[in-house]
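For clarity, chains are labelled A, B, C and D in written order, and residue numbers in each chain start from 1.
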Amino acid sequence: MAVRAAVAGASGYAGGELLRLLLAHPEVEIGALTGNSNAGQKLGALQPHLLPLAGRVLQETTPEVLAGHDVVFLALPHGQSAAVAERLGPDVLVVDMGADFRLTDAAAWERFYGSPHAGTWPYGLPELPGARAALEGSKRVAVPGCYPTAVSLALFPAYAAGLAGNEAVIVAASGTSGAGKAPKPHLLGSEVMGSMTPYGVGGGHRHTPEITQNLSAASGEPVSVSFTPILAPMPRGILATCSAAAKEGVTADAVRAAYEKAYADEPFVHLLPEGQWPATASVYGSNAVQVQVAYDEAAGRIIVISAIDNLTKGTAGGAVQSMNIALGLDETTGLTTMGVAP
Amino acid sequence: MAVRAAVAGASGYAGGELLRLLLAHPEVEIGALTGNSNAGQKLGALQPHLLPLAGRVLQETTPEVLAGHDVVFLALPHGQSAAVAERLGPDVLVVDMGADFRLTDAAAWERFYGSPHAGTWPYGLPELPGARAALEGSKRVAVPGCYPTAVSLALFPAYAAGLAGNEAVIVAASGTSGAGKAPKPHLLGSEVMGSMTPYGVGGGHRHTPEITQNLSAASGEPVSVSFTPILAPMPRGILATCSAAAKEGVTADAVRAAYEKAYADEPFVHLLPEGQWPATASVYGSNAVQVQVAYDEAAGRIIVISAIDNLTKGTAGGAVQSMNIALGLDETTGLTTMGVAP
Amino acid sequence: MAVRAAVAGASGYAGGELLRLLLAHPEVEIGALTGNSNAGQKLGALQPHLLPLAGRVLQETTPEVLAGHDVVFLALPHGQSAAVAERLGPDVLVVDMGADFRLTDAAAWERFYGSPHAGTWPYGLPELPGARAALEGSKRVAVPGCYPTAVSLALFPAYAAGLAGNEAVIVAASGTSGAGKAPKPHLLGSEVMGSMTPYGVGGGHRHTPEITQNLSAASGEPVSVSFTPILAPMPRGILATCSAAAKEGVTADAVRAAYEKAYADEPFVHLLPEGQWPATASVYGSNAVQVQVAYDEAAGRIIVISAIDNLTKGTAGGAVQSMNIALGLDETTGLTTMGVAP
Amino acid sequence: MAVRAAVAGASGYAGGELLRLLLAHPEVEIGALTGNSNAGQKLGALQPHLLPLAGRVLQETTPEVLAGHDVVFLALPHGQSAAVAERLGPDVLVVDMGADFRLTDAAAWERFYGSPHAGTWPYGLPELPGARAALEGSKRVAVPGCYPTAVSLALFPAYAAGLAGNEAVIVAASGTSGAGKAPKPHLLGSEVMGSMTPYGVGGGHRHTPEITQNLSAASGEPVSVSFTPILAPMPRGILATCSAAAKEGVTADAVRAAYEKAYADEPFVHLLPEGQWPATASVYGSNAVQVQVAYDEAAGRIIVISAIDNLTKGTAGGAVQSMNIALGLDETTGLTTMGVAP
């Protein structure tokens, strides 16, 4: 019997990618699609790549419209999920693709988002220690941010294995879809093609506390995070270059062994063969994570690089993966590890 | 029972896209993979986006290696398919993704390809009149060229409906993957990013006789074709801008009606709603064709624009679609009309 | 003694390119800079590539601000130039980079622009027959549109030499800067990277009557123009693929000879050696026009392809070139034929 | 009286950019152009953007051909400069754009380049302490590497002012032209568009010892450098994201003050206003360096980001700037701080 899913926020990039995945999911039937500012419009005009849904009309995001589904995905602006979720009832699986329920630290939420903290839901990054168990059977899922997905999967094994000192330096470049579909001058094609530019430098990006939360949990001690996000001239993809001081006595072999062990059984995270480095093009449209590690003995640092598709594993694919776990389906159902390349 | 498929030429762009599609095809089991200059290498190093096949080793392209499969796909350089095909026996389905068996006119073959004509196989563009019937049960398929796919689907309804005069002017821009994976200076990223440049201008491109063949068949009379291909700064996609003089008495409504009728039941060709124009991004990685028509009364021309993914519908997706028909499977099995966008 | 120049509309792409050229112009001193919606802002925030002017503050576009200059460049929205120009007095050189004064046919203006026709000024495409003489000493210049520049320079020699029939088919791809700096969803980097899409198909683009005007003047008879503009994934550049039926008896040699003659003494238009084709990257940031011709005997068509930088020769460079002529300076002063490549 | 300049290696990207700058240099006359594998070819076929030199023919790189010039620029593969330079005589200014004479530490040279060390020449990064004086009147100049230019200008003021601890973490993304013009599979447009991928991770890149040399000199103590270069989907530009632990008591004001002081009088290095971040597009084709600083108090790190054009300030522009100093010309002659944008 099909799982009936509604998508609130179907006109944006996250919503569109989610629909692409749900259309290919053998257990899901797509129900209501909502999008407030675009309510009444056909999806074909807003998401012209989703031809099977071209004739569907967007509705308003109301409890009535979202009622009667097994799963409701929320792809809403930050701060709007809590009000919608509480009207949906405790038996509906609510998968929040926004930030509202990711952080455990209310003070950090308020500092970075400027509004009261709504709470904390099971965190939809199953590869983290303990996360998969918390998702099983849960009716609420907080999908991680795209940067925290790429960075946490790059660095947590080094912290979990006790190899890395408690500071991390992260420089991560993202494709422009991470900035959303609302038109702004600096996101124009004329501005981004041929250009790289940082933003939120110096700790200001909202994903900083989420990264800190994940790495500190893996380490068991507070990890100090320097995070610089960069806008890159590509529509999709995150390449995260992460490093941490190696603890005394660490060897290249120990680093590699920690990653081999951490990812031996993970269906989506691939530690590449030595000598091969992640490329965002290789995971385009896929739920795969490519990871590679190095130990720079001269600099005394462990360097880990990961590549994901920010819209797939970084958002909508992660949401589907978590939905599968929450519903007791095979975790990989409807997801692929093949990128569309070149 | 699974269809066992071999791929000769698995290291190139066409071979890689084919493998991506076959991996998602529920009826196909992937058998031997060959690639002469790369024989002995792991696929993971050559096609890093195909993680499920990363450990597979390429073999030499020999009759022995290709034996024992239900289907053999040939993604070989032009002129090499005939020798391989004749060693495979008449009971194996051979799908040739090269040009060798596309043309009916031996003289045109020799003029454009400079070698003896190998013959003519059923043409793998099922949407053309009569093509689907010829493919059913066939053991040989000639997959069309990427430009002829885009152009023929744009223009044949106008000719079949008797609306267009017998000359056509075509300007089609292609992503760089159409030029293949062999490194050449003009294909370097440094050269192609930010640049558009034509090639094969004035009738010299090898796809010219194939386009002429298809349009003339639709018209019932020889069609004179002016075809200018352009290299565009994108990895995939073809946007074909095609026009022909309208015959006397043609109206915009008649043009639209002809296309609505031609494509009403086609699973992959979508005539867009009026006012919406094809975009290559919308068909990225998909087997869909987006088509739109206009009638320019002042200029007296019918203008038809189509967008395809040159590697999917233009090559590997077209090959799978034809295989499905030849084997009696549902034509759409393993194929999607959803693009990966943005 | 320096020529003192004001720029109205200094915050947009055309204004920015003009300032880049004027800063390098040895005879020009940059005076007032205006930009209504951005008045009061520093140029450094709006045009971060123009470091020498980073501290300059934009003013309102008023007659008082624009008074006291030798030259006033207008980079304003269509329809606003006439009102500003008439307040500037007859002794000031006014160079209008908008469309207001380009067309000779008031009916065509009204049909395409929907407002009363303001008049016709000397046309700033000096390479056209008679245009240079009309610009000499003129106090008013209408800078051509970017597409008409590329297309007219591609086709007028064929018409002027009587080689081409009176219909032309033009497909021209433009970089995104041609669409301006106002943020719109379809111009987002996420949308344009990796995508090509047409617009204004079927004769609807406002540059159609301007192209028709130029080609008809060259031909001496009305030329019927089919013009399809395409948005391409690059920030700058136009590649125009233009063709026309060859008149009876035309030969490839005659075509080439006509172009060699037309451009033998032109400082900015370069007919490329046979076998070499224009590329937009080669004219990036330069005032050069690359042109190549072919005669497709089988199709009976003359094909001419040109590449320009839409912001330089297509707008601001053309404006400076015309200013030079109007002021009696050497036509090439401050301009280059070298592109920034790769 | 003009300075007569020869360019050895005129067919590559560095040589092409140098010629573009020299053509615009008012004091330079371009003499012999050489390019071994392309000797005998016209420059127009190899550098189609340099129209003024299209007819020039490349010669062999021999002492005879290079004789009789005031300046000889060497844009040769690493390891070839010494042999050429010693045949040119002590009175000719030799500007080496290769790596041969950059390093002071012979052991580091041999470890990273695998050949005997040729020596050390005055280092062509005039903004470094003492560098300008060493260049004045010198007959030999070693032009810095592109990454060391971007990184050293980002970090040396923090070290020179005693603000930063002696380890630095650097992640720098470069456009593809930095990898040169020799065609290799991973540099194909199909591979690089839409993709980011690191290389030389873990200290293996040859620019690591050069960066270490510059930062250690500024610090007065050995600086440990972790350097990760990344290939980015753009033809030009380097964005260097650099950080170092702040020494105790450092404040944001102190950091900013150090950079304001360091760059107050530099013609090419621009510390951006607070709130504005470097973008590679803003320095496209220019000799400018955009720099911005942040102090991340929570992470305890100074973060400095710089943007350059790898071919201009990073190679050919830096070469011309140093030539100007060596010859006693104004340092900015023939160079611009304006980028070609958008």
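Definition applied: a residue touches a chain if its C-beta (ideal position, glycine included) is under 8 Å from a C-beta of that chain, and two chains touch if they have at least 3 such contacts.
All values reported here derive from a predicted model rather than from experimental measurement.
J.: Between chain pairs A-D and A-C, which one is joined by a greater number of C-beta pairs in contact?
T.: Counting C-beta pairs in contact, A-D comes out ahead.
J.: Please identify which chain has its centre, taken as the mean of its CA atoms, farthest from the centre of subunit A.
T.: C
J.: Roughly how far is subunit A from subunit D, centre to centre by C-alpha average, rounded to an integer in Å?
T.: Computed from C-alpha means, the inter-chain centre distance equals 37 Å.
J.: Counting in whole Å, what is the centre-to-centre distance of subunit A and subunit C, each centre being its mean C-alpha position?
T.: The answer is 45 Å.
J.: Which positions in subunit D are in touch with at least two other chains?
T.: Each of 13, 175, 177, 181, 188, 190-191, 193-194, 233-236, 279, 281-282, 284, 342 in subunit D touches at least two other chains.
J.: For the complex, which residues does subunit D have touching subunit C?
T.: Touching subunit C from subunit D are residues 13, 16, 20, 23-24, 44-45, 47-52, 54, 177, 181, 193-194, 235-236, 270, 272-273, 276, 279, 281-286, 288, 290, 336-342.
J.: In the complex formed with subunit B, which residues of subunit C make contact?
T.: Residue list for subunit C touching subunit B: 167, 169, 171, 173, 175, 188, 190-191, 193-199, 201-203, 224-226, 228, 230, 232-237, 239, 241, 243, 277-282, 284, 292, 294-301, 303, 305, 307, 342.
J.: Over in the complex, which subunit D residues touch subunit B? Could you list them?
T.: 13, 175-177, 179, 181, 183-185, 187-194, 233-235
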